[in-house]
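Below you will find the structure I want to go over with you.
A, B, C and D label the chains in the order they appear, each numbered from 1.
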Amino acid sequence: MLEIQGLNVFYGDIQAVWDVSLHVDEGSIVALVGANGAGKSTLLRAISGITSAKEGEILFSGKSLKKLPPQDIVKMGISHVPEGRRLFSNLTVYENLKLGAYIPRSRRSVTQSIERAYDLFPVLKNRMNQKAGALSGGEQQMLAIARAMMSRPMILMLDEPSLGLSPMLVKTMFELIMNLNRQKVTILLVEQNIHQALKIADQAYVLENGKIAMTGKGKELLSDPEVQKAYIGTRWSKS
Amino acid sequence: MLEIPNLDIFIQLLINGILFGTMYGIAAIGLSLIFGTMRIMFLAQGSMIILFAYVSYWFFELLGLDPYISLFLIVLIGLGFGAGIYHGLFKGAAAQEDKNISLLIAVGLMFLVENLMTVFWTADPRTISTGYTSLVFRPMGIGIPFNRLMGFIIALFATTGVLLFLKKTYIGIAVRAAAEDMEAVTLLGINPHRVNSVVFAIGTGLAGIAGVELATIYPFDPFFGFIFVLKAMIALAIGGIGNVFGALLGGIILGLLESLSSFFIGGGWSDAVSYGVFLLILMFRPEGLMVRSVKKA
Amino acid sequence: MKKDKQVILTALLILAFAVVPFIVDSEKSYLVYSLFLFFCYIIISQAWNLVAGYTGQISLGQHAFFGLGAYTTALIWLNNITKTGYYFDPVTILLSGLVPATIAAIVGIPLLSRLRGDYFALGTLGMGEIIKVIFVKGGSITGASDGLHLPSSVYSSIRPYYWTGLFLAVFATLLIYLIVRSRTGLALKAIREDETSAAAHGIHVLKYKVLAFSIGAFLAGLCGSLYGIYLFHINPDSVLKLDWTLYPILMCVIGGTGTITGPLLGSFFISTVFSVADIYFVQMHPVMAGILIILVMKFMPKGLIGLTQRKEL
Amino acid sequence: MDANSVVIRLERICKRFGGLQVLSDVDLEVHEGEIVGLIGPNGAGKSTLFNVMTSLYRPDRGGIYLLGKNITGLPPHKICRMGIARTFQLVRTFLKMSVLENALTAAVYGQQHGRKNALQTAMEALELVGLYEKKDMMTVHITLSDRRLLELAMSLASMPAITLLDEPMAGLNPSETQNLLRVIQRGRNERNTAVLWIEHKVNAVLDFCDRVAVLDYGLKIADGKPDEIANDPKVIEAYLGEPHA
C-alpha cells in the first residue's frame, strides 16, 4: 500500500535518511526501530510531507506523495501521530477530536467518528470538556491516537507511542495498537522500545544512521542475536 | 502636590478612558491573532487602521455615506484586503524559519502605506464631522459622547463575534490550535495558509472597525498609525497574547491609564507612562507576552 | 597578494571620493549633497549592522541614538559647554557619540538581559518613543516640539560636511571591520548563532551584547551630530523619527546583513534611488523605501550579497 | 580512589519542572582522568543533569562542587571557564562561522587564564579530532558527524577539567564512532581530562567506560563497574520496561 524507493532526506545540508526503501502492506503492522537519531522520525516526517528536502520516491496506492503538502497527504488517507503527541493543550478533548476530522471527507461523519473514539477510549468521553493539557501522559497519548483516527485514515503512523509511559501503560498502548490493526488500519510504528515493537510487528526495519541495517519479520528479528547485540549489548544477553 | 479631583471628574476620566481604550483593544485583538499563528508583530496594523479611517472619511465626504453605514462595507473590504495581503506578501515568508523576514515585510508595508497616504491625502489631520458628532448623553451629569459610546458597543459586538468564531467554527478552532502548534495542525489536513489568511482577514477587518471608530471621534493623520500600533502592542502586553477578551481588557486598561495620567501628570507625558508600562511588562511579566515563546523553546 | 590589492583598491576608491568636491562644483551640484547623504547612511547602517547583523539583536531604537547625538551637539553648542568652537568641532562630535553610547549601555543592560528576539525589538521601539517624549516634553532645555536652532550663519560650504561624512563613513566601516575580525567579533557572532551555546563556551553574553549595542549607539550618535550640524534645526520630527531606524535596516537588508560590504552596497543603492526619486517625484522616496523593503525581503532575503553567495553553494 | 582526585561532585541534586520531578537526590562523583558513562531510558533526566551542571538550569536543591569549589548557581560562562566543557545532544555549533572560528571561540573564551596561544590551542584541538583540513569551511556546510567532532574539539580547546558529552555518537556511522572514541580516549590520555558521557548505545558505554551510572525517572538506580551494571536486574528492567520474557 505504501512504497518507498531510494529515499534520501536532508535537513539543510545534512543528510538524515540515506537511500531507504521499504514497503508497508495493507492491513499489516510495520515497525521501524533503531537508536535515537537513526532517522526514524525523519522518515515519518518525510512521508507526511512536513520535511520536504527529499530525493527518491514515496508512493501511496501507486500515487506519488513526494511533492504534496502535509494537508493533502492527510486527505489521501495517511495520519501521523507525531513524536511528543503535539496535542493542542488549550483546546478541550472534544475540540482536539473535532479538528482531527477537519478534512471534508471525514467532516461529514464527525459525530459518528467521535462516538467511535469514545468507544475505543472511554476515558476520553469522561474528560471531553477538559483541556487536553490537563490529561495524564497516557490519556494524552490516547487522545493523540484518537485524534489521528478521526480522519478515518488507511495508514496510521505512530511516532514513539510508548515514550514516557509507565511499563503498565506501555502494555496497554500496544494492545490498543493491535486492536486498531484488527479494525483494518494499517500501522507504521516507530519505536525505541524494540522489544514490544518487534513482538507485534509483522514486518520490521532496523534503522542505523539513516540507513536500513536489517529487515525481517518482527519475531525473527527479536530472536536475532545481531539485533540483540546492536541494541541490548552483548553483555546484556548473558543475563 | 497632586490635585484631588472631585468624584464627577474622576468618573468622567474613567469613562473616557474605557471608551477610548476599546479602540486599542480592537486593534490588539487583530495583532494577537496574527501573532498567534504567524509569530510576528504585524506592525502595519496601525497604518491599516488609518487607511480605513481615510476610506470611511472619503465615503462620507464624497458619497455622503454615514460612517456607521460604511462600517459594514469597510469591514468587508478589510476582510478581503487582509486575505489579499497575506497571499500577496506573507505567504512565502510564513513558511520560513526566519521570522525577521515577515517582521521586516510588515515594517515595509507600514512604511509604504503611511507614506502613500501622505502623498495622496497630505499630512493634515482630518476627522469626520456628522450631525451627531457633538451629541453627548448626560446621565447623572456624566458626559458620554455618542460616538464613543457607539464605538464601545461596536467593539463589544466585534469581540463577541470573534470569540464565537473561534469557538464555534471549524476554521476558528483551527486558528486556536495553530496558535499552539502550526505543524500539528497541518498534520490534521488543515492548510496552514488558509489559517493564516483567515487570521489576516480578521485582523484587517478589525482594523476597519477601529478605523471607522477613530475617524468619528479623533483627528487622524497618516503617521498616527504607528503610534496606534504601539498602543495596541501595549494593550496586548497588558492583556496577554492569545486571549481575545484579555486583549480588549488590556486596551481598556491602557485607555484608563492614559486618561488618568494625562489628567494627573499632563498630556504628552501620558505616552511616556504607557511606554514605560510596556517596557516594565515586557521585562518583568513575561508570562503576559512571552508565554508561548517560552513554551516553544 | 590578493589582500594587498584590496587595500590599494579601497584606498584609491576613498581617494576618488575625497577629490570629488574639487572636480564638480560642490555648491551647485546635487552629486556632492547626495554623496554626503550616502556617507551618513553608511555610518548609521554599519551601526545597525553591528548590532543586528553581527550580534543578532534586531534593534528598532536606532533613531533614538541618532537623535540623542544631534541633540547633544545642539545642547553643547547652545549652552557653550565645552568652549571649543562647535562648528565641526571634533570634541563636540565625539561627545555626541559618547552620550548615546553611555545611555545605550545603561538602558541596554535591562533590555538585553531580559528581552530576546522580537521582544527586544519591541522593547527598543518603546525605548525610542520614551526618549522622544522626553525631548518633546523637555521644555526650554530641548525646545519642546519646535526643537533647537543652531546659528546657521556659520554655513559657508557643503565641503566640510562632505569630507567629515566621508571620514566618519570610513571610520565606521573600519571600526566594524576591526571589531568583527577581533576576538570580540568571535563572541558577537557566537551570540548571534546560539546564545546558550555561546554561554556554555565561556562567553559573557550580556557583556558583549551591551558592548555591541553601545558601539552601535556611538556610531549613530556621531551620524546624528553631523546631520544635526547640517540641519541647524534639531527637533523631534527631524532627528527622532523612525526613518532613522528604518533606513539603516533597509540598507542592511538590501545589501546583506552581517557582512562588511553589504551595508555599503545597500547605502549606495538606496541613496541613489532616493536621489533620483527626489529629483523626479518629490516626496516619493519613503514610498519607494517601503516598496523596496518588501520586494527585497520577498525575493532575495539575503540581500545583494546573497546573489553572489548563492552561486558558491 | 583518592578523595583529592575528585573533579566534580554532585550532592543531592533535585530539579522539578512544573509537576514533574526530573531529578531527585542525585549524587555523583567523577575523578580525574576517569570516563564515566551515564545511561538511562529516554526522559530519565540525563540531559537535565547536564543542564544543571552547566548552570543552564538552577537546581531546586543540592550542590555542585568542581575541584572542591561550590559552583552551584554561577553563570554558565563562568562555569565553562572554571573547567566544565560540554557538547549538546542536538549539536549546537555556530553555523555561520568557519570551523576554525568555532574552535577559536572556545579557546579564547573557554579558558580561565588562557587567551595566550588561543590560535595554537584551537588548531591543536582541530588536529586532534581530524578537522584541520576543513578549518576554513563554513560550519553550515560540514556534515553532522563533523559538527559533532567540532563540538568535541571546541570542548577540548577550552582545556577543561571535565568534559560532558551528550550523546556524541548519535547519528554517526561505525567508523565515525570509532574515530570519536579514539578522540575521547586521546583527550583523556594526553590531558587527563575527566569525561562524563551520556549515551544511548549501551554496549559502547559498557565496553568503553571506567564506571557507569544509571538514571531512571530522575533517580540514580545504579553506579558501578560496567560488569556490575550489565547484570543489575534493576537496570535491565528500566531499559526494557519489563523483564525478559
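As a working rule, contacts are C-beta pairs under 8 Å (C-beta built on N, C-alpha and C of every residue); 3 or more make two chains touch, one makes a residue touch a chain.
All values derive from a computational prediction rather than experimental measurement.
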Specify the chain most distant from chain B by Cα centroid.
-> D
When A-D and B-C are ranked by contacting C-beta pairs, first place goes to B-C
Chain centre separation in whole Å, for chain C relative to chain B (CA means) | 32
Taking each chain's centre as the mean position of its Cα atoms, how many Å separate chain C from chain D?
-> 43
Distance-wise, how many Å sit between the C-alpha centres of chain A and chain C, to the nearest whole number?
-> 53
If you connect every pair of chains that touch, what shape comes out? Choose line, ring, star, complete or other.
-> ring
Taking all chains into account, which pairs touch?
-> A-B, A-D, B-C, C-D
Name, in rising order, each residue of chain D that touches chain C in their complex.
-> 54, 56, 75-77, 80-81, 85-86, 88, 92-97, 101, 104-106, 108-111, 115, 118, 154, 158
Could you please specify the touching residues of chain C with respect to chain D in the complex?
-> 183, 186-187, 189-190, 192-194, 196-205, 258
Residue numbers on chain B that touch chain C, as the complex places them = 39-41, 89, 92-93, 96, 98-101, 103-105, 107-116, 118-119, 226, 230, 233-234, 268-269, 271-272, 275-276, 278-279, 282-284, 286, 289-290, 293
Flag every residue of chain D that touches chain A in the complex, lowest number first.
-> 42-43, 140-144, 167, 170-173, 200-203, 206, 226-227, 230-231, 233, 236, 239-242, 244
The answer for chain B against chain A in the complex is residues 170, 173-174, 176-177, 180-181, 183-192, 242
